[in-house]
Each structure stands twice: as structure tokens, then as C-alpha cells.
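Just below sit the structures, each encoded as C-alpha cells.
Each of the two complexes below includes subunit A, the first together with subunit B, the second together with subunit C.
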Partner chain A sequence: MSEIEFLSWIRGPGFQIATVILVAGVVIRVMEILLLGRKANLAEAKGSEMSSGLRTIVTRSIPDSSTFKRSTFTIVAGYIFHIGLFVTILFYAPHILLIKDIIGFGWPSMPTQIVDALTVVSIIALLAILAHRFTNKVLRYLTNTEDLLVWFVTIAPLVTGYMAFHRIGMTASTMLGIHILSVELLMVMLPFTKLMHAFTLFIARWYNGAISGYRGVQS
Partner chain B sequence: MSASLERGIHALKEQVDSTVAAFFSSCVHCGMCADACLFYTETGEPERTPINKTEPLRRIWKSEYTLFGRIGKMLGLAKKVDEKLLADWETLVYDSCTLCGRCSMVCPVGNDIALMIRKTREGMAAAGHAPEGLIGATTRAVTIGSPMGVKWPALQAQISHVEKDTGLKVPVDVVGAEYMLLLSSMEIMNFPEFIEAITKIFSKAGVSWTISSEAFEATNSGIQIGVNDIAAELVQRIVDAAEKLKVKTVISPECGHAYMAIRWEGPNLVGKPFTFKVRHILEILDEFRKDGRLKITGKETQKLTYHDPCQISRRGGVINEPRNLIDLFSDNFVEMPDNGKMNWCCGAGGGVSSNERADEIRLKVFQRKKDQLDAIKPDAIVSACSNCRIHLEDGLEEYGMDIPLMSLTETLAEHLADD
Partner chain C sequence: MTTDSSTNGPNNKDKTLGDALRSQGVSRRSFLKFCAATASMMALSPAMIPKIAEALEKARKPSVIWLSFQECTGCTESLTRSHAPTIENLIFDSISLDYHHTLQAAAGHGAEAARIAAMEENYGNYLLVVDGSIPLDNPGYSTIAGISNYDMLMEAAKGAAAIIAVGTCATYGGIPHANPNPTGAVSVGDLIKDKPIVNVPGCPPIPVVITGVLTHFLTFGTLPELDHIGRPMAFYGQSIHDRCYRRPFYDKGLFAETFDDEGARKGWCLYKLGCKGPTTYNACATTKWNNGTSFPIESGHPCLGCSEPDFWDGGGFYKSISIPTQDITKTVVYTAAGAVAAGVVIGALNKAKKSKMASSHKKMTIDDLGK
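After this line comes the complex of A and B, so read on.
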């Protein structure tokens, strides 16, 4: 397979396959959660499930000060790479052009230097997170193969994107092909791994807030 | 029915619903729940991380309720729930968790981990992997009517003492009373002052109330050990008595899990809404305060703090009421760091105090409460759960701290104004 053939397969059929797996997988996973249902609560309510659930979806992003003190590294490093991923995926000019191609509209991009810097910062944060996983005793105890695999497919698009942009290593088109391949790997893995939290976190937080809010406590 | 692995697995399957599935699907192994749990922070032992305690339930969810897990199971890749796993997990699920729910407030993806552990206990108990102490308490609750083996004559004796000391009548089995008071065995045996306090306050407030000779026990070992059938049977006794006496409101006493059992789990356990209201004693007293039926005189000069019982505050929703009430008799009230819904557990809730095997660890993790108290150095601690109270006294003694414990209800009664 030539360089051009590789790139066009990755951008064409490869991307389509990854998209189908991502969408179908996420739909199946979300449906198999929601279809289980839960029993109606027969106790007299002290507060609202709906509003408390919705509020917890938002407020759970902000830890209380004592939790922040106890889990500072996890929170700070976690925030950095999540923001980094969000910005690089959605505000890098070429990505927006691609999205515009698919869905028909786009939005203003962020300056390339900022995206570039955030990419580097996110890579550093993810490397530190891996080191933390191996040095912190709770994380070492909890960590399984899936955690490492998910770490790899998360950092890979950042690293390959950075290399493609700065033309490090291989030719530009091969590097771009590898970058898109790494994104497709992430898309394909998402429904099968804890990456699903990107979707189920909203359900989980809502339930947490609703269960607690029913008893009159904002969680 | 005798306990068996099959029954345990069946019980775990019954516990899986959309909440459990959403929670397990969201866990990213970040470890923050460990930092929120006194059984980890005070021992530094990573297996005590809250989410790890749910492993038996997670395996059942994964292999039975996810498409990919089921495929894995067919291929023989699924991790099984077996006797060894349950035996290994018994001390994590029962001795190292008070179901305090602090982890549930901290989890960044929103997992209600305490609920997941509560559900895991259903499987553990059905498989015969519950602690001896809790099995004993539960058996006594079913056969005698009280986890401590307290029978009606014992309460009757306490009631006559109270009537003699106060000159007031303690109403028993009064049909049509507004309130029916429940008590914990701990109060009957160790803190009869509570009954005296209620008698004085209710008499001053001029409300009609009663104690049922058929259902006076508020505690529910069934929800601690994790056997819903037994928990439902114990709740049903209260429902029957409340309906027989046609009371409007059942009052849960100064006991944390009793409130959780009757107020929040009760109707769901028996499968139908109650025909009466359930309130915690602090909610009732706060209503009296609002209605001007609570006349208080004199202030405590010593520095007071309030220990939030987990099942009453964080898990129960009674957080402001105790503070409103303490304000009535104190101008020198200080909050502990991390109070209210973020309070740290005393270390002995959720059945831990009935489990002798956990005696060492409950005193070890009391260090967390000690640190909280050291930060504010109170002269006395007010609380509203006799189980917390017994354990706090134990812990304070163990750590050589001389801080008296006060029951909120009893302290209020001491400050009742003479009209």
C-alpha cells in the first residue's frame, strides 16, 4: 500500500468504520443501562429528583475544598488533559474544517500556538498521570490492563497530532495517516472501555443527584 | 432458606438496575473515593478503597448485564464470583465500610458508591459471608424484636422509672395519638434519659404521642447486614403498629440507620407507600421550635460542636434542623472542618459496631474524628445518634481525650423553660 493509498483509506473507509462502531457501540451501551430501569421510590420525597440530578451534573465538576486538598494531583492533572483534549479536538482550525465538511457548519478556531501549547501541556499531564498510576498505592492497586490501554489510546492522538503538525519523523502524509488512525483507535475503543464515562457520566451524576436530592441533600 | 453461593449470586443479580449499570460504566479508576474514606485515609491500605469493595457486584453486572461482558462470559473470559472472592471481600464490605456515603459525595463521575456497597451486602449475606456479630444481631431482631435482645418488660421498667422521676405519664398504646415514638435498644438500655427528655418536651409542647408495646424498636439490622426480606419484616412490624394505633406520624429516634431504614428504605422494602409520615426526632423538635411550642431558657457557655450522624445528615437530609436547635441553647457553637453533608463518619455505623471483628479498625479510623476535633478543641460534642455516641465515647477514651458527649434532645429538655 502506497503512502497515498494508506492515507485515503484511513480518511475514507477507515473513518467510516470507526464512526459506525463508535455510534452503534455508544447507543448499545447507553440503552443497556437505561433499559434496566429502576424501581419507583415509594418514600415521601423531601426534595426534587429532577432539579437535584441536573444540578449535580454541573456541580460534580467542582470539588469541595477539602476534597481538592486531598486529591490535588488527580484533579489538576485530570482537568488539564480534559481541557486540552476538548480544545485540540474542537478548536484546532483543520479539525473545524473537517467537522464543517461532515455536519455542514463550523465555528471560530483558536490560534494555532495556543492549541499547540495545550497539546504539549496535555501530553505532559498524561505522562504525569501514568507515573502517578504506578507510584500511588491506591492507583497501583486499582490499575488493570484496560486502564493502560485507555491511557495509550488517549495520549496517542495528541502525540501523533503534534508530530504531524511539526513534521517530526515520517513524511507529512504518513504522519497525518497515523494521526487519524490513532483517533480511529480511540473511537473504536470508546464503547468497550471506561472511555464510555464520556457519555455515562451524565447518567451517573444525574442518578447521584436525584437519589440524594430526593432526601433533601444536594450532592 | 440457607445461605449458598447460588443464592448470593442470585441476590447480586437482583440488585443490578440502571443506577448500578451507569455507575460501573462510569468508573475511571481515579482513586478519589479512597481519599474520601476514613477506612483508607487512616489505614493507608489500598484494598479498602470504596469502589474496590463493590467488586462482587461489578463482576455480576459486567458478565450478566453488558453485551460485551456476556460475550466475554461465553468465551470463558469473565471473572467469576466464587466462594473465595466473597470470603476475601467480607471484611472489606462489612468491617471497612460504615455506608457513610462520603465517597458518594466526592466521586467525580457521580457514582453512589455507598449504595453499591449496600447492594453488594445483599449478595454477601445471601451467600453466607456476613459477620457473626451482625448475624447474631439480626437473628435477635427477628426472634426477640431487638438486636440487643431487649423485650417489652425492659422498656416497661424504664418507662416506670421515667414516670416516677418526672411525675409525667408516658403514653403507651394510645389509639389516635398524633405521634408514635420509636426507640433504639441502645437508648432503652444505655440512655433512658432520652425517653425522659421526650416525655418532658412533648408534655410541655402539649402534643399527643404514644409508644407502641408491639413495635417500639427503631433499629433495623436487616439493612445493615443486607437482607431486604428481614429488613422488610422489621419495617412491617412498625407499619402494623402505626396503622393499628392510627397515628399521623412515626418518629425515628436518635439513631442514624434507624432513620434510613424507616424513612427512606421502609416504604420501598414493604412495597407500598406509608399511610403515615415518618420524621426524625430533630425534624419534629425543629417544627416545635418554628411553631413556638419549644420554650428554651438559659445558654450553655461551653464551646459546642455537632457531630453529624451520616445517615441523618448526608444520607438522610436532616442537616439544618440540629443547628437551628443548638442555636436555642448555645452562643458558642463551632463547626468541625468538613461538617454537614461532608462530615466524617465516627467509624462505627452501618453495622460495624455490631461486628466485634471490626473493633480494632473502628478505633483506628477514629483518628479521623480526633483530627477534626483537635482542629477546633470543643468543650463538648452534641450529636443525635446513640450509636455514634457510644463509639465517640469509646474513641475519645481510647485516644485519651476528655470531651463529654451530649444528646441534642436531652440537652434541649434540660433547657426547657418552666411556665
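After this line comes the complex of A and C, so read on.
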């Protein structure tokens, strides 16, 4: 298989397969959660479920002070790599082109120097998170194979993307192919691992807010 | 060109390159200039310039046999026209081009006789240059003087000191090799494993790259350092993207969206128009074309990636390399629709399971606990 054949498979059938698994997996899992429903609450409603639910989706993005004090490192490092992923995925020109190709519209890209710097910072944050996971006794006890797998498929696209951009190690075509392959791995893993939180996060926050809203208490 | 058999007599062949250049009125100064340019192009130390000059001066004109197979003659056109009349052409005049069916004066049996004579006379020492791919499906697809391309290549390769594959067809199969490859075209490197081969790909390749490789061979008697697909590192060591003068626009996020928008007029990056610069290794951005005038990107057209294997099947010239080659929107819509249907069924099954479990649930009393 030549380099261009490899890249063509990754950009063609490979991406198709990954897309089918990602979309089908996410849709079916979200529907399963929603269709299972909840028991009817027989108590009298003391407030609005909807407004409290929606508000909580936003407010839970800011950690409360006691949680922040207890897990400062986890929260700060977590925020850094999440922001890094957000910018690198959504504001790097070639990625915007991909999104535009699928949904029909795009937006301006950020300078590559900013995206590049955030990639490095995110990789460092993810490495620190792994180190923390092994140095903290409780975290080490709680760690299972899935956690490590999820960590790997998250950092892999960042590392391979950085290498593809700077043409480190291999030729540009091969490196680009490996980068897209690592993203396809992430897409395939997402619906079946903790990575599903990218979607269920909002449902969970909404439920939390809605329960409090129904009871008429602050969420 | 000294391809006419009358000027290729033994006396002429015994002349060194230095003699040949002097007889053609090339001054010492311009000859050294050429040596300096060659040294810098190949990233050699300036200390090598006198050595190159000395080696070239003394070099006996090597016999070169040029075979053209499934090709369009673009490689020859590129070599002979675009740099004329510079010293590169004179260097070319000063090798003994004993067979090249486009350029030689002889035709028919005379031409073939010249090829065979040159092969016998210089056995083990001649340079074999090949452009075009070789069809394997049916030898009749491409023949010269009734000899199949395969037979001619194998015979000529036996006595060659080294082989220079010129153009993407000879190096990687090129356009004849493009899907579905109707002639079963293969490259020189696919067939010959026991001779040193230098790949000089491009559609066509840059003329100075061919003369650069030749100069290297004349100077050192060896072939230049090659990359993993047989290309001289000096010319194919860096990507077009890394040496492109439009690169700052890529980094700033300034792109031409169409061929006639403001970005195109201002000379912004052509990545979104399908430029293959990031995955293409060639010297276009530095040596340029037409005597250093410009290169495709400078003229406003994205790089096609012509010096890479299978460039013809790379998913579309005007489609950016980061974009999937197939229609993903359709896949997303159809998959989502199917998944919603599946989700409804699975949801119903889950609900049924839940109510079944609820109904089979037995209530315990305080007495049960006491048992």
C-alpha cells in the first residue's frame, strides 16, 4: 500500500466506517437514556423544571469553591486540555474545512501559532493528568483499563496532529493518515466509553437542575 | 544536441567535459558559476565547488541511453526547452546521448543499431535514463522497433552503471498506473532490483534536478543521497508547503476560497482550493520553473502533488487534503435515521424489560426477613 493509497483509505472508507459507528452509537445511547424515562413524580411541583434545568447546564461549568479547593489540579488541568481540544478541533483551518464539507458552512480560523501553542499546552496537561493519576493513591486505586484507553485516544490525535503539522518522523502523507486514523479511533471509541460524556453531560446536568427546580430549591 | 552519429565519432567521445565546454565558448567564469549553483542546490559545502569544477573538467563524456516508454514526452520537453539556452543545456550537450528516440537524428534500424552499439561499447559504464512506465498486461501495448518495453528495459539495464528514472511514470507508474491501470503499468523500480536507481519524479520533473543528479554522478562517481522512495534528498527533502512563499497566509488563516475572489487576487494560501503542497516533496518552490520565473502556486494554481506516487488517485485535485473523499453528510443523515429507528425499538425493548421486572417483583414483608 503506497502512502497515498493509505491516506485515501483513511479519508474514504475509514472515515465512513468511523462516522457510522459514532453517529449510530451516540444516537442509540442517547435515545436509550431518554426513552427509559423516569417515574412520575406525584409530589406537587414547586417550580419550573425546564428553566432550572437549562440554567444548571451552564452554571455547572463553574466549579464551586469547596470542590475547587479539594481538586484544584484536576479542575485546572482538565479545563486546560478541554479548552485546547475545543480550539484545535474547531478553529484550525483544515478542521473547519472538514466541518464545512459535512454541514455546509464554516467560520474563520485562528492563526496556526495559537492553535499550535494550545496543542502543546494540552498535551502537557494530559501528560500531567496521567502522572497525577498514578501518583495519587486513591486515583491509582480507582483507575481501570478503560481510563487509560480513553486517555490514549484523547492524547493521540493531539500528538499525531502536532507531528503532522510539523512533519516530524514520517512523511507528511503518512503522518496525516496516522493523524486522521487516530481521530477515527476516537470516533469509534466515543459511544462505548466514558467519552460519551461529551453528549450525556448535558442530559445529566439538565436532570440535576430539573429535579431541584421541581422541588423549588436552588440547584 | 550531439546526437547525430557523425559528431559522435571516437575523437569527440574522448574529449573531456572541460574541452567540450571550451570548444563551445563557455568561459571559465560561467563554468564556475554553474559549479557554485550546483553545489548550493545540492546543499554541499562551498569547499566542494573547486572539486566539482575539477571533476567536471576531467570527466569523460559518459554514454547515456535514454529510453522512453508509456509517456507523453513532457519530461523531454521540460528538459530541452524550459532552460534553453543556459549552461545546463551545454552540460547536456557534453554527455554522449547515444540513444533518445525523440531527439536523435537517426531513425528506424539505424537508431536501434546506435543503441546496441553504445550498450556494447560502454557495457557496465553507461547511464540509463528512463521516462515512461512499462505495461505488463500485454507487451503489445507499447513497443519500440517491435521490442516490448519490458524486454528493452531489462536488456538495457543489464549493462548500466546506474539508472535514472525520470518523471512520475517511470518512477511510480504515473498516469498510466492511475486507477484502473488498464495496461498494468509499473515503474522501473518495480522491475529492477539489482541496479542503483535514482527516482526523479514530477510531471514533468524540474530540469535542473535532472542535471543536478547527473552532475553529482560525474563529480563523485556515486549517486546522491536518496529518500525512502528513491528521490535525491537535495531536491526532494522538503515539502512544497514548508518552502512556499504563501505559507505566511496559511499560518495567519488567510485563504483564497475560490479562484476569483479577493483572497485569490491578493495571493493568499490555496490550501482550500485543494493544494497538495503539504504532502508533496519537490523543489518547485525554491528552484522554480522556466528559468526561475515562477511555479504553479505562484501562478495562482494549487499544487497537484505530481512528484508523489499515485498523485492521480489522491482524491481530487481541487479537494483539500483534510476533507474526506466520500460524501459524509449523506452517511451522517442515513445513519442517524437508521439509528433513530433502532433506538425506538431498543427503547421499547428496554421498557418492556423494565415493566416485566417490575411486575415479577415480589414484595417482602417483615416476616420474610425473619425466616
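Methods note: the second predicted complex is superposed on the first by the 219 of 219 C-alpha atoms of A that agree within 3 Å, B and C clash if a C-alpha of one lies under 4 Å from a C-alpha of the other, contacts with A are read in each partner's own complex, and residues count from 1 in each chain.
Just so we're on the same page, contacts are C-beta pairs under 8 Å (C-beta built on N, C-alpha and C of every residue); 3 or more make two chains touch, one makes a residue touch a chain.
All values reported here derive from a predicted model rather than from experimental measurement.
> Decide which partner touches more residues of subunit A, taking subunit B and subunit C as the two options.
Subunit A has more residues touched by B than by the other partner.
> I'd like to know which partner A:173 touches here: subunit B for first, subunit C for second, both or neither.
A:173: touches subunit C, not subunit B.
> Thinking of the overlay built on chain A, is A:44 touched by subunit B (first), by subunit C (second), by both, or by neither?
The answer is first: A:44 touches subunit B but not subunit C.
> Could you look at A:28 and tell me whether it touches subunit B, subunit C, both or neither (first, second, both, neither)?
In the superposed model, A:28 contacts both subunit B and subunit C.
> Between subunit B (first) and subunit C (second), which, if any, makes contact with A:66: first, second, both or neither?
In the superposition, A:66 contacts subunit B only.
> Of the two partner chains, subunit B (first) and subunit C (second), which one does A:147 touch, if any: first, second, both, or neither?
first
> Touch test for A:36: subunit B only (first), subunit C only (second), both, or neither?
It touches subunit B and subunit C both.
> Considering only touches as defined above, state whether A:4 meets subunit B (first), subunit C (second), both or neither.
After superposing on A, A:4 lies in contact with subunit C but is clear of subunit B.
> Please identify the positions on subunit A that touch both subunit B and subunit C, taking each partner from its own complex.
28, 32, 34-37
> Which positions of subunit A touch subunit C when the two form their complex?
2-5, 7-8, 11-13, 15-16, 19-20, 23-25, 27-28, 30-32, 34-37, 93-95, 97-98, 101-104, 108-113, 167, 171-173, 176
> Quick check: in the complex, which residue numbers of subunit C touch subunit A?
Residues 172, 228, 239, 241-242, 250-253, 255, 271-272, 278-281, 308-311, 313-315, 320-326, 328-329, 331-332, 335-336, 338-340, 342-344, 346-348, 350-351, 354.
> What does subunit B use to touch subunit A in their complex?
16-23, 25-32, 34-36, 40-41, 44, 46-47, 49, 51-52, 65-68, 104-112, 115, 263-268, 271-274, 277-278, 313-317, 319, 337-338, 341-342
> Can you tell me which positions in subunit A touch subunit B when the two form their complex?
Going through subunit A, the ones touching subunit B are 28-29, 32-39, 41-44, 46-47, 56-57, 60-61, 63-64, 66-67, 70-71, 74-75, 78, 136-144, 147, 192, 194, 196-197, 200-201, 203-209, 211-212, 215-219.
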